[in-house]
Amino acid sequence: MTATSDREQMAYVSAQAADARVKVELDTGDMTLNIGPQHPATHGTLRIACQLDGEQVVVAEPIMGYMHRGYEKLCEVRTYPQCTTLINRIDWLGSFANEVPFILAAERLMEIEAPPRAQWIRTILFELSRIANLALFLGDMGVQIGALTPVFFAFRDRERVLNQIEEVTGGRFHPNFDRIGGLKDDIPKGWIEETRSVMVKMRTFCDEMEDLLVGNEIFQARCRGVGVIPPEVALGYGLSGANLRASGVDWDLRRDANPGLAWDQVDWRVWTHPDGDSFARYWVRLQETREATHIVDQLLDGIPSGPIMAKVPRIIKVPAGEAYISTENPLGEMGYYIVSKGDLGPFRVKIRTPSFNNISIVPWVMKGVYVPDVITILGSLYFILGDIDR
Amino acid sequence: MPRLPGLIKGLGVTARTAGRTLFPKRGWKTLIPAPQKGAVTVQYPHEKEAPPDRARGVIALHEENCTACMLCSRQCPDWCIYIEGHKVKAPPRREGGKPRTVNMLDRFDIDYALCMYCGICVEVCPFDALFWTPEYEYSEPRIADLLHDKDRLGEWMETVPDFLDYETGSEQKVRKVPR
Amino acid sequence: MTTLLALPYWQETGIKLGLALAVIPTTSLILVYLFLFKMMAFMQSRLGPNDTGPYGTLQLIAEAIKFLQKEDIHPEQADRRVFRMAPVVVLASTFLLYVVLPAGPDAVVQNLDTGVFYAMAVSSLSVLGILMAGWASANKYALLGGLRAAGQLIAYELPLILAVMGVVIQAETLNLQGIVEAQATGEIFGFGAIGNPFILTQFIAFLIFMIAAQAELTQTPFDMPVAETELVGGFHIEYTGFRFLLFFMAEFGTAFAFAALASVMFLGGWWIPGFDVDDNILNVLGPGVMLAKILLVAFFIFWVRFTYPRLREDQLQKFAWKVLIPLSLANIVLTGIFKVVF
Amino acid sequence: MTDETTIEETPPADDQRERLLSDLSDSLGEILVESHLRPHENIWFRVKIEAWQDAAMAAKSAGFEYFGFLSAIDWHIAPEGRYEDTEFDTGLVEEDDEPVEIDSSTGYGGGDTRFQMLMQLYSLSEQAGVILKADVGDDMTVDTVREIFPGADWHERETHEMFGISFRGHPTLQPLYLPTEFEGHPLRKDFPLLARQVKPWPGVVDIEEIPEHLEAQLEAEVMAAFESNEGGS
């Protein structure tokens, strides 16, 4: 105000005053719009309380807990083998991947290691659940922005992957197949060939998604430049997985902090995208799905023979100590911090889920976007409600 | 703003899929529409999809093998297995032996309303009394009816498939299902 | 005008009205069954309804009965009268559209001299109903949907009308029957065997008309007013049962009517090459030809609907004002020049 | 972003983490209470609670800028166990009457109080993580780190409702998961798990023994049947 001699300053002040006057004269109160908890875009029961000015979001605050199941508490009263039953249900679309870090953390404390064959099959199943999970995202993102068909393609082709998982583990969604020291069972005859043909189909699915969505100009118009997350913000919020890589951070726990699975045995690359917008997130996930099919193909070629269980006592007692193991799950970094007191069950389990961190950026990224963009951003951040609420 | 190629490609994908669904046959038969064959969906009550042999559909109980050792009940994370039993005297195995004390199973109930289908009970059973079967048609209109007793669990024993052979390189031994 | 049967005016009108009333639900049934149920299913590797009746044809009857059985629910805060009237207004706009759609030389409810003008005017009535629904539902989603619909329908009414202008200039009449006749008697460089369907000379206008119609019908990629994944149905979020059925019927009835308008104005309407324009037999064959053409146009409308994602509201407005309207104006200018030159 | 040089898989000693340990210990200075290293895994630092923010700041400036998670540990030994023993199956355990028994001896980096803060940070350039711990005093208050790591915002809210630890300087400490009127802090060890209390453990049932007075009689019956059977065949 003091620098009235400055013409620019004058212009600025008068513009501010005009704005304020308009706001007083046309007292347009903000509208609160609750997106969710029952809303098709929140796949699950997430609620986003949006303050709208017209169709523009002023403040968006996610409210969750509608599905909080208290797994951290429940794990405390269960034995280690019993915990995996629960852990399956955290990210229910890629459930095998949930078991692995928990089992690895327990193995780390017990200082045993699963035999190589078990590690390879673990890695294959891990990547299969990644494909199953991301395939649904690839289709679902289409639905979020209005394309009806992709999600049906996704369900169609994901089913093939789930069948492969079921043929080995017996469970489509909740395999509960990983055991401390190895796996519950070996793979059945003929499975490798079937999986190979499924991987070919999944690559076709990726091509279809590329034609239906990535190349589609309407899709690009909706996603490019929407919900841009710069890398330093992404790091501060602890974003992980494709959300981080779409912001240009070349970071993949499979490559950079491999906890002993067979990823270092095969040739693959980490995809990143410099833009950090919704389109980049979709694109990175699409490439990752395709890359995962190549990883599975290579792994299938080289499964070593041998046992699938290390020597473990029948009654599992994990020595006292603490361990934190995280792996690159379909949604991002999932880690288990296990505090053991040498008991049958863990003393405390802190479950670090990717979606919780990924969604915590919502208030930051949704300032000033339009209502349709809220859906685009939510879709592209890709969360599973069980993964947020635990 | 929309340029042509991407939009046209998308139309091509859906049209191709429609064609493949409607005319799945090869050769001159292509002209005969056969959506029943081309669609990936299974029309459930008319045709049934066969789940894989390892599918965890329901737990079957081979009662003769059960010794009421309570292991499954105690290991169950959901506390959904109820076992009761009593001890009886059985004749000795060979002549001149002493009479043995064996466990008789009175009650073996699994509450499928609570069960999380984790398979821990099947795994911990040391006597091969519990098996998974891919059977899945046992829904009930009332939740209380999902508590199945040992007779019902025994009936499912017939549907237990044989264990599958393993892929080459495996050192696992193929188990046998008691019949 | 030669009439098929020499009937008094009121009897003729009565028959036509009855036919039109029967046609509207039937047409939306056909569209829903063929495209929404079956074509969409095939495009998604599914079968669609196949259990009720042969190939699931009776599914729609079952659906209609289901809707009729449902309780008629008003939101507590709703403006009841407006809430109830809204679907009727929307459906009325659809009904009124059918009045001028010709299916033969005499197979038309009312052959208005300003048929095109009337059709455009009446079709924009539905905006009113949608706005009413959006406002009266006392729901924020519905309000957003209603406002979006209003903005969108107004924005797309212009290119729609301007696209039709080209046809009107070329045909030199606003009468839909006249347009059909103009196409039937037209010649392409002296070759008149198939007449001159205006899609050949007015291709840009046809494209603009189809795009604008897509927006008018609130079909994807322009379905922001309903947008299931954002506004959960938009203006009809609070409607259940019979009232929802009315909206639903109006949606598909209007789709049918617009497909009919497109085939009348661009594809030659009911005329069959080789027949005289006044031939009485066309009153019988015409509806069949029209139906085939309409289904062809509707196929494209729904094909696009099942394939594309949806645009954002601001992008849609930009597209209308910055691309479609200048294009259609250019088209009018070009048509005018050609009209004067040739 | 990342350093392309990968760590050797199993060198005998973890030089990299030892270097990180000494570096970070130096920069933490006297706010460091205790540290612990598990080779090829993690480094644990226990810092003074007053310096929680400073420790986070120091870690961030040392390159640990990727926020993993923030939580707490309750070292109170739960009176209920796993709810599988009969004596604990009935009745709630009164919170106030029980002396709080703490056992944090097994925790890395040690601990003196019941509640301990826990924060995991990662360095993308070093490809290594650290876990920061701090003992929470009786005032149950910690400084917020949400200015340093914005992602900590929700984690602090969760910790607040689950353990009852307050965060100084956090503007919106309302519950994240639980309803606003919820009482108690569920992840505390003395918070009863009702799901396990409303129902007795089915594993507590044991096989019914043969009553002693009938044993001899039954034995004789069985033997008689056995012998007659043997004779017959």
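Per-chain numbering from 1; labels A, B, C and D assigned in written order.
Convention: a contact is a pair of C-beta atoms (placed from the backbone, for glycine too) under 8 Å apart; a residue touches a chain by one contact, two chains touch by 3 or more.
Not measured: the values here are computed from a predicted model.
**Student:** Using the touch rule from the top, work out which pair, B-C or A-C, shares more C-beta pairs.
**Tutor:** A-C
**Student:** Among all chains, which one's averaged Cα position is nearest the averaged Cα position of every protein chain shown?
**Tutor:** Central chain: A.
**Student:** With centres defined as the mean C-alpha position, give me the chain B-chain C separation in Å.
**Tutor:** 52
**Student:** Take the average of all CA coordinates in chain A, do the same for chain C, and state the distance between these two points in whole angstrom.
**Tutor:** Centre separation, chain A to chain C: 43 Å.
**Student:** What is the distance, in whole Å, between the centres of chain B and chain D, each centre taken as the mean of its C-alpha atoms?
**Tutor:** Chain B and chain D have C-alpha centres separated by 35 Å.
**Student:** If you average the Cα atoms of chain A and of chain D to get two centres, how far apart are those centres in Å?
**Tutor:** 24
**Student:** Counting only residues that touch at least two other chains, what does the list for chain D look like?
**Tutor:** Residues: none.
**Student:** Do you know which chain B residues sit against two or more other chains?
**Tutor:** 1, 7, 10, 13-14, 17, 40
**Student:** Which chain C residues touch at least two other chains?
**Tutor:** 43-46, 306-308 - these are the residues of chain C that touch more than one other chain.
**Student:** Every touching chain pair, please?
**Tutor:** Result of the pairwise touch check is A-B, A-C, A-D, B-C, B-D.
**Student:** Could you list, by residue number, the parts of chain C that touch chain A in their complex?
**Tutor:** Within the complex, chain C contacts chain A at residues 40, 43-46, 140-141, 144, 220-221, 223-224, 227-232, 305-315.
**Student:** Would you mind writing out the residues of chain A in touch with chain B in their complex?
**Tutor:** For this pair, the touching residues of chain A are 78-79, 81-82, 84-86, 88, 117, 149, 153, 156, 159, 163, 166-171, 174, 176, 184-192, 208, 211-213, 215-221, 303-308.
**Student:** Under the definition above, what is the set of chain D residues touching chain B in their complex?
**Tutor:** Going through chain D, the ones touching chain B are 84, 199, 201-203, 205-210, 215, 218-219, 221-223, 225-226, 229-230.
**Student:** Help me check something: in the complex, which residues belonging to chain B touch chain D?
**Tutor:** Residue list for chain B touching chain D: 68, 70, 73-74, 76, 79-92, 95, 99, 101, 103.
**Student:** Quick check on the complex: what are the chain A residues that touch chain C?
**Tutor:** Per the touch definition, chain A meets chain C at residues 31, 33, 39-41, 55, 142-149, 152-153, 156, 212-213, 216, 218-219, 221-222, 370-375.
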